[in-house]
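Notes to accompany the following structure.
Every chain is named by a letter (A, B, C and D) in the order it is written, and numbering of its residues begins at 1.
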Amino acid sequence: MKVGVVVFPGSNCDRDMFHVLTDVFNLDAQYFWHEKGLPKNIDAVVLPGGFSYGDRLRAGIIAAHSPIIKDIQKLAEKGVPILGVCNGFQILVESGLLPGVLLKNNSLKFMCQWTNLIVENNNTPFTCQFKLKEKIPIPIANGEGRYFVDDNTLKKLKQKNQIVFRYEKVVNGSSDKIAGVCNEDGNVVGMMPHPERAVESEINPIDNKPSSLIFESLLNTIGVEN
Amino acid sequence: MTLFTISVTIENKPGISDPEGETILNDLVLKGTYKTVSKIKTAKMLKFAIKEKDKTTAETKIRKICDDLRIYNPMVSKITINVI
Amino acid sequence: MSLERQELEDLKSKIGRDPTSTEVQIVAAEWSEHCSYKSSKKHLKMLPMTGPSVIFEKGYDSGVLDVGDGYVVTAHIESHNHPSAVEPYGGAATGVGGVIRDILSTGTRPIAIFNGLRFGNIEKDPQARWLFKNAVTGIADYGNCLGIPTIGGEVEFDECYSNYALVDVAAIGFGKKENLIKNHANKGDLVVLMGGSTGRDGIGGSQFASDSLETEDRSAVQIPDPFIEKLIIEAIMEARNLHLINAVKDLGGGGLSCAVSETADTMGIGIELDVDKVHTREPGMHPDEIMVSESQERMLIIIDKQKLKKLQDICKKFRVICSVIGHVTSGNLVHVKKGKKTFAKISAEIIANAQLLDRHSKKPAYLKSIQKEKKLDSITNYSKIMITLLSSPNIASKSWVYGQYDHEVGIRTVVKPGQDASVLRLDNGKFLSAKIDGNPKQCYINPREGAIGCFEEACRNVVCTGARPIGMLDHLQFGNPQDPEIFWTFLESLKGITDFAKFFQIPCIGGKVSLYNETSLGPIKPTPIIGVLGLIDNTPLIPKKINNSDCLVIIGNTKDELGGSEFYEYIHRFVGGNCPKVDFKESKRNMNSVLDIIKKGLIKVAHDCSKGGLAVAVSEICMTNKIGCKISLENVPGENLPPDRVLFSESHSRYLLVLDKKNLKPLENLLQKNKVSYNTIGRFEGNRIQFNVRKKSLIDLSVDKALKVWMNSLENLIIHG
Amino acid sequence: MTLFTISVTIENKPGISDPEGETILNDLVLKGTYKTVSKIKTAKMLKFAIKEKDKTTAETKIRKICDDLRIYNPMVSKITINVI
């Protein structure tokens, strides 16, 4: 089972994600440079965090114009599981694969801290192993992480069950405390917090079990016995 | 062909909050002795140097660039274009 | 840039002719204090630089330690004081960039950043606040963008930094020993300049760093570009993996001049280069400007001709510009041309070896009077004093700072900022612990004991995570070395550090000297900073949850040593008194015992006593664990002192240990066997921090209230100050 | 008293590099089909609403605010003030 980890100039969580996919969850992962194409038979794609193009102009916007995005769009339409984490989420939003926009945090600061997420939709390839409303301790690390949608879009998101994660408490001022969303089909998921930073007990001061379920959900979806 | 300098100002649409402007106003300006300021809005500006045959073409081109490349996010921002 | 008259004469006699203007520029850059260490070099030799795990390679700007199993750790420290004092955002950011490139030039991947920040009184001085805020943002924006975690540091405020800023940045790298770049060069190899374009920014920067800020030459502003730096890192890593690089050096102070002449000198080669080949940002730059420009994010690479194509492909992939600017020649001349015309042709050895100086030193007059203590106001409400101390900018939690730094990226950070030292996991199953510390208040009162104290504190912090110190970095920051009294304080600090390093056999693996830290208000206090690296072979001590009836044990003696303490300086506004002194033997006993205890798994938490003394250290444990504690001050071992002194003395070599009471007996056995002075001084329970003297309450505070004050006061000061 | 809207544009001084503008130009605009753009410079704008007795006072006040409160650092940036 092959998972593609997409690397843009300035991605910086690509190696962390790769380590978790391969060393922790025994997946067969492969890097894909943003100028390359993605194979049609790939099983899942992850867009890792970082500062693609130095976050210039707006986080994610320049990377959203990369050649590889077209392939990701095609795979998304085919229903292939696609996960964007942090900058990956920003890129998915800026390329129109997910609704909404990520704005500067209300604090105007980069925020690096642990926080709690609540699972709001356990019907995606990355959340199917969770119980609904399950709590996930997880770190965030971003400057432009305030998810924003207008009221109409928010209504639609709720109707179509596209809100995947909410923060337990107000963290950065995002609309309706949203921390992660999916597309209408549910196969494209974007989230600001970093699951790859929370699945190994050594570096997780709280509890590594819940975040692992994000990857175990993926394993389950793409058909690998863990 | 003439070289034009064109500025694009990207600012929040009305109704979209501007925490940065508010912070500068409340935590900096109003803290001091400057009580006559009632609002601050922040914006980002890009100044393009572009070679086109005339002003209108240049301006149209710049608008097209901004829309096509999503130089601004229409969900939250609007732009104002000025030929300098 | 210019040379002093004496230096110009010296240069003339060495080359036997009048130098060209380009030669003068190159030599002036290289002979500046910043690049040549002309005031300090003779003395720095006293530091012990070798040890069983120290690896030495020629031409390295960072230290290398063997951490076993074929892996190495590299480390370096730098400051960017002058630039940060005028442009805190860019100055601090480019400071990070510079030290990262030092790590990179050994062929190791940078894995952590530390920062030490010092400013004036942020409670009163809006400029100090502005400097602080922007320096933090600068470091955050740069390190975060690189994806290198900033995992620790320190922040301090003191009037002596008014109108000024000390921004120290240290970085750690990690890699396989076999991947270390062994600098070498052969005749005919190409000299490649890689990275950002060369512009007029930062011209004269290294000399600027060697002048005091009074001179209004403030042209040396540098614009950070972390995105390019990130791409350079990846490109160098790829080039390293393909063994394309013969030698590499980063461009720092003195720009191309220093990089080229130092490379040529250390490797015994000549370099011929054409400034027309340098990719510049603006047209019409003069060769002199190109040679001394300090534009950031550039690396010099020496490569075999055959391999150039591969390097170019890598650079193209990462959209980094690389220009072949010259080639290696036999002999040792640095030959600078513009097209066919020669602008400089001078021996690298002459450029790279400035005349070292013997500065005069004299014990400062102020030291005589400063030790005498003044009569202090007596204190009636200790709880109130405690709240004041917890909210003082030097003691308040620095979470506002490290909360803006991505300290998790890289997924190595096992112990995160907010504890004593931070801990990273390494690929060989071991752990690396590190911390930097300084204490100008103590160093001012006693430059020697103060410096030793910083060193011991950094060791203590590392020891609290279970790590054995294996290497040290020093950064010596002082005023104008031409002032004999300042130079004396420099020498004293250096001697103290040397003595400690030798006694503990902790090799100095790198360092930096920054002089001329002065403004029109005068010199800064002596500010040596010590960074200590520690290695943990098994498991680090990750603080565990404290429960009711857990015991609090103190190790080490509390002495009448309040000179330079927060209690004297912040509460009593008194500068002076008895500077804490480290008793080397006691220090070693305590250190080894704590390491033993941690290894045996006897304790839940270890925390060192430092700023604010015992009172603050205990409160920190209570606040971070949200649990109360009842402490009996009469049980604190050491001199028999009045309670305020027991509470607030900043004596070194002291550790607080928290343990389940079932482990008390084995702990005591161990401590007795090691002849360590210790006692059980408290018990955790409830939600109040209570210090008693023979049952009489001295301090009684709710943990919540203390926590609120301690957590929020720094942020409140910055936002609402 | 009249309410004035005053814009302050903060941009890098000439000769000081602008990495953001360069990235937008090279990695976004020139990657597409828009080859007539030769330079992009970024700037930041603050729009102040201020009540003063006349335009000159308002303008002077704004300049003083920007200098006093270090809204920009004169070492690297310059400001342009416009009454809108």
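Rule of thumb we're sticking to: a residue touches a chain if its C-beta (ideal position, glycine included) is under 8 Å from a C-beta of that chain, and two chains touch if they have at least 3 such contacts.
These figures come from a predicted structure and were not determined experimentally.
Chemist: Give the chains in contact with both subunit A and subunit B, ordered by label.
Modeler: Common contact partners of subunit A and subunit B, which must touch each of the two, are C, D.
Chemist: Count the C-beta pairs in contact for A-C and for B-C, then report the pair with the higher count.
Modeler: Top pair by contacting C-beta pairs is A-C.
Chemist: Could you give the separation in Å between the centres of subunit C and subunit D, each centre being the mean of its C-alpha atoms?
Modeler: Going by mean C-alpha positions, subunit C sits 36 Å from subunit D.
Chemist: Can you check how far apart subunit B and subunit C are, centre to centre, with Cα atoms defining each centre and the answer in Å?
Modeler: So the centre of subunit B lies 41 Å away from the centre of subunit C.
Chemist: Cα centroid separation between subunit B and subunit D, in whole Å?
Modeler: Subunit B and subunit D have C-alpha centres separated by 10 Å.
Chemist: Residues of subunit A that touch two or more other chains: which are they?
Modeler: Correct list: 9, 53-54, 56-57, 61, 65.
Chemist: When you check subunit B against every other chain, which residues touch at least two of them?
Modeler: Within subunit B, the residues that touch at least two other chains are 69, 71.
Chemist: Multi-chain contacts only, two chains or more: what residues does subunit C have there?
Modeler: 225, 227, 319
Chemist: With touch defined as at the start, can you tell me which subunit B residues reach subunit A in the complex?
Modeler: For this pair, the touching residues of subunit B are 16, 19-20, 23, 69-71, 73, 75-76.
Chemist: Could you pull out which subunit A residues touch subunit B in their complex?
Modeler: Result: residues 57-58, 61, 64-65, 94, 100-101, 103-104, 106, 108, 148-150, 173 of subunit A touch subunit B.
Chemist: Which subunit B residues qualify as touching subunit C in the complex?
Modeler: Within the complex, subunit B contacts subunit C at residues 27, 31.
Chemist: Under the touch definition given earlier, write down the residues of subunit C that touch subunit D in their complex.
Modeler: Contacts found on subunit C: 86-87, 89-90, 127, 130, 197, 199-201, 218, 221, 223-225, 227-228, 281-282, 295, 319.
Chemist: For the complex, which residues does subunit C have touching subunit B?
Modeler: Touch residues, subunit C against subunit B: 719-720.
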